[in-house]
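Multiple structures follow.
There are two complexes below, and they share subunit A, which is joined by subunit B in the first and by subunit C in the second.
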Partner chain A sequence: MMVRRPALEVIDYIRQTNFDQLAIKYVIYGRKGSGKTMTLNHIIHHCQAAGWLIVHIPTANGLNLKNKYDFIDSVSHEGMYDQPTSSTDWLKQFKLRNERFLKELKTTEKYVWNKRESTEKDQPLLSVLEQGLTRPKNATDVIGVLLKELQLQSYNKQFKMLYAIKAVNGLFAEETAFRKHGGYIIPVRELTLHMHFRNFLEGDWINGSIVTTVDYNLSYRQPKFYYTPFYLLGKKGFDHMDPFIPVFVDEYSDKEFESQIAYYQSKHWIQDEEANTEAGKLYLKKLSDMNPAELDKLVSWI
Partner chain B sequence: MMCCRMAASQRKLQQFSLSFWSYSHLRYQLTKKQVCRHHGSLVSTSLPDVDSEIEKVSVHSLRGKAMRAMQDRLRKRHPMPSSRENRMAEDQDWTNVYPTAASFKWSAVPLSVRMGYPVNRGIPPHKLGNAELLKIPNFLHLTPLAIKKHCAALKGFCTKWPDGLNTDELCDEHFPVAIETSDYVFSSPSLRCPKARLVQVKLKLSKLPLDKHARWKLIQLVGDLYNKETDELCISADRCPVKQQNLDYAMYLLSVLFHEAHITEPWEETEQTEEDMEEYTWESGKREENLMRIKRRMHNKEISSAEEELKTAYTQVCNNKETSESIGSYKRAVLNLFGLKEPAPET
Partner chain C sequence: MSTSLLKCMVVFWCISRVTQVRHSRYPPTFVEPVVKKESFETELPFDVSTPVKAAPLWRTSSFTYDPLILKFINIIQKKGEKDLASYLMRKTFEQIKLRQVEKVNTAPPGDLPEIELNPKKIFHEAIENSKPLLGLQNVERGGRTYQVPTPLKESRRRFLAMKWLIEAANNKEPVIPFYQKLADELMDAYQNTGAVVKRKNDLHKQCEANRAYAHFRWW
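Let's look at the complex of A and B:
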């Protein structure tokens, strides 16, 4: 498996980081198929192996599009909407990843969910999470509570935390695919789930890092002209994230291309004999224009 | 008498065209007749398809017989004349063939042009009676020779070009306001053309004595009239019936805009939001707040130089088109701020 330069760069920054500071934000950007997501995955893997707590949004833009009939009037925020299904799905994967931390960390105050149910102070955070799984109506609020607790408790320096988001431009988008009866399209600013994730993204916590990618292909009803961070985040998003460290993911270099082809050959993924010759390699190079995803598509049928 | 003659010549013309079209379709009919019944011309033309018209009338009726007889007679009497394009001399004066703008005339243009939808995956129809060629504008009257002649004819009416205005820059400097009007000459019952009243006043904003506030206010007041690329303000007026009135109105508008731009209203200072500003600045918005939060965590550390660098890099990225250089300088500034070191470039 080839871990490419941008991933190593960010991992290097994370190693250098003074964790007394507020969490540093990284924005990974690049053309379509250049390996932004793989870079993010490598970083997540590094932090997971180092025993960090991982707060991961698989695609922020997907939250605006998937489960489009999944919205209810918010329990806690007047005039906003909760997303029970998306929230419970997110909680499930969060629990799978971080169960060990959730058992150790305790709540700092009492949370009242409804008339009968509440979570007392000094209970493990896992009980808060279980509340979200058993009562999907509270799931979005549970995410808010969890993120708030993590933010507060990061100052105790008991755990290190990685906040990883793919296609973070989805959090600062305008439109969603959620349409109410009567035609009202719910904007992103009225979704509580996004609000909680955005607030956590402000980075008002320590002992961790925030790694995000921006993706022009994963945007909804936006003109797709550039892949650059300011264009994709927009004014609002840029101000929210500022200051961040932009990390560019380029296409393969010659060396990377060679080693990737060698990897495909070692796995007998390229079967065609002509493709294994020098001329064949050159052909693949020109056809894919050194783009990792394009190369992957090309070699999938030869 | 005159009327009679004209009618006669018209009839002759009709006969000509009739005979021409009947000949041109003769071969086609002979070959295809047995296969299918043909209802119209394959080539899209505006001329009537005489043959199929005649064919529709019964052979046994008096009218059908008369029409066929007339067709035969016409064929015998008037053999096809050679078209004009074949009779043209090679060294003729083209400006006499197309003296003014005119629609395409196949007989006057000795070129084998084809245009139109290729029926049955064939080739586009030829130019003879081709209506597609009539629809498009042509520049057959605007040959270099015609333009030369035109200029030579106009030369007698021109005055000498003033000294000291040899370049466009000099012209712009001495005459910053350009006024564009048009005169139309044509023969019709009325000499007045409604388009002649339109007046356009153009000038570069950099030529006006405006401070930063006044310039931005003027741009916001005029909206679409200002072209950011060329820095040009273009006021066009056509609301009054006479050209002079429109010109007066445009100049009045210009002076009003100029003076209005210099006025600073009290609400401009208090109610201006970030969207109203021309460019992003560090001070407006929550950048300062973000940075303060970070600074509070790194107590006793000197980061003022990194802060200045970040501010310039920020305005660079936000106000200009994003390039790898501007993003790179922003990245370096943030790395400095957090005290991180960039890895050495790949060897």
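Let's look at the complex of A and C:
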């Protein structure tokens, strides 16, 4: 498996970070299919192996698009909307990743969910999470509580934390695919789930890092012409994210291309005799324009 | 004549006579083009006065070019959605390759059985195994219709094989993606088993049973 230069660069930065300061933001950007998500995955893997707590949004763009009948009037915030299904899905993967931290960490105050149910002070955070899984109506509020607790308790320096988001521009988008009965399209600013994630992205916590990508894949009614952070995040999102370290993911270099082809060949993935010759390699190189996703698409069926 | 034009003519160097006679937009003196890089070196010198047809748009000199696969894509295609049809074909090949590579990777070390990994070869073999030798033709005699066994043209045999494979895939469960079902059928036909080979054998049996009507064949 090849770990490419942008991933190594960010991992190197993370190793040399002074964790007494506020969390540093990284924005990974690049052309379509150039390996932004793979870079992010390598960084997540590095942090997971180092025993970090991982807060991961698999695709923020997809939150505006998928489960489009999944919204209810918000329990805690008037005039806003909760997303029970998306929230419970997110809580499940969060629990799977970080169960050992959630058992150790305790709540700092009492949370009242409704007339009968509440979580006392000094209970493990896992009991808060279980509330979200058993009562999907509270799931979005549970995410808000969890993120708030993590933010407060990061100052105790008990754990290190990685906040990883794919396609962070989805949190700063305008429109969603959620349409109410009368024809009203719910904007992103009225969704509590996005609000909680945006607030956590402000980065007023320490002992961790924020690694994000910007991506126009799966974005809903957003411009899809260019790939740079300012263009995709917009003025509002850029100001929210500022300051950050941009990391550019380029297409394969000659050496990377060779090593990727060698990897495919070692896995018996390129079967055509002519494709394995020098002329065939040159053909693949020219046709894919050294783009990793295009190369994968070409190689998949020969 | 300039050298660049000469080189262009070399690429479209003739190989055979014209096949299509009626409705051809070229006079019979025109010859088929050949798209081959090696012809620059091997087939020189040539007669520059020979008129050559224009090369078709889809003809390339690369290893991805395969007339049989292009034909199969055209038969899968519905409502002119060729992009979708080619996507399904690519996914089918990927599925076949995935399954065969998995067999190699999970086999115990040491005695590795002979496993064909090239999806293109499996596809060609599957089509060859699905082709029927004989077909039935309806002939009306004395108010009754008889099914007369008849040899088929090569193009008809190829078409039937492809049509049967696609129909067999479509008859399976609708929840499974089409490319997985087609990969199933192609793998079955490659091993000379499955619904398509059975359909071919049934047709052969029917031809054998209708042997008595063979004298109705006048063509």
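Assume the second predicted complex is superposed on the first by the 301 of 302 C-alpha atoms of A that agree within 3 Å, B and C clash if a C-alpha of one lies under 4 Å from a C-alpha of the other, contacts with A are read in each partner's own complex, and residues count from 1 in each chain.
Keep in mind that, in the parts below, a residue touches a chain if its C-beta (ideal position, glycine included) is under 8 Å from a C-beta of that chain, and two chains touch if they have at least 3 such contacts.
Here the structure is a predicted model, which is why all the values come from computation and not from measurement.
Student: With both complexes superposed on chain A, which partner does A:His181 reach: first (subunit B), second (subunit C), both or neither?
Tutor: After superposing on A, A:His181 lies clear of both subunit B and subunit C.
Student: What is the contact status of A:Asp12 with respect to subunit B (first) and subunit C (second): first, second, both, or neither?
Tutor: So A:Asp12 only meets subunit B here.
Student: So, A:Lys286: does it touch subunit B (first), subunit C (second), both, or neither?
Tutor: neither
Student: By the touch definition at the top of the document, which applies to A:Lys115: first (subunit B), second (subunit C), both, or neither?
Tutor: After superposing on A, A:Lys115 lies clear of both subunit B and subunit C.
Student: Would you sort A:Ala275 into first (subunit B), second (subunit C), both or neither based on which partner it touches?
Tutor: second
Student: Can A:Ile24 be said to touch subunit B (first), subunit C (second), both, or neither?
Tutor: first
Student: With both structures fitted on chain A, tell me whether subunit B or subunit C touches more of subunit A's residues.
Tutor: B
Student: Could you look at A:Tyr231 and tell me whether it touches subunit B, subunit C, both or neither (first, second, both, neither)?
Tutor: A:Tyr231 sits against subunit B, while subunit C stays out of touch.
Student: Contact residues on subunit A for subunit B in the complex?
Tutor: The touching residues are 5, 8-9, 12-13, 16-18, 20-22, 24, 204, 206, 226, 228-231, 235, 238-240, 242-248, 253.
Student: Given the complex with subunit A, which residues does subunit B contribute to the contact?
Tutor: Against subunit A, the touching part of subunit B is residues 280, 285-287, 290-291, 293-294, 297-298, 310, 314, 317-318, 322, 324, 327, 330-331, 333-335, 337-343, 346.
Student: Which residues of subunit A touch subunit C in the complex?
Tutor: These residues of subunit A touch subunit C: 267-269, 271-272, 274-275, 280, 283, 297, 300-302.
Student: If we count contacts the way the header does, which residues on subunit C are in touch with subunit A in the complex?
Tutor: For this pair, the touching residues of subunit C are 62-64, 89-91, 93-94, 97, 101, 104, 117-120.
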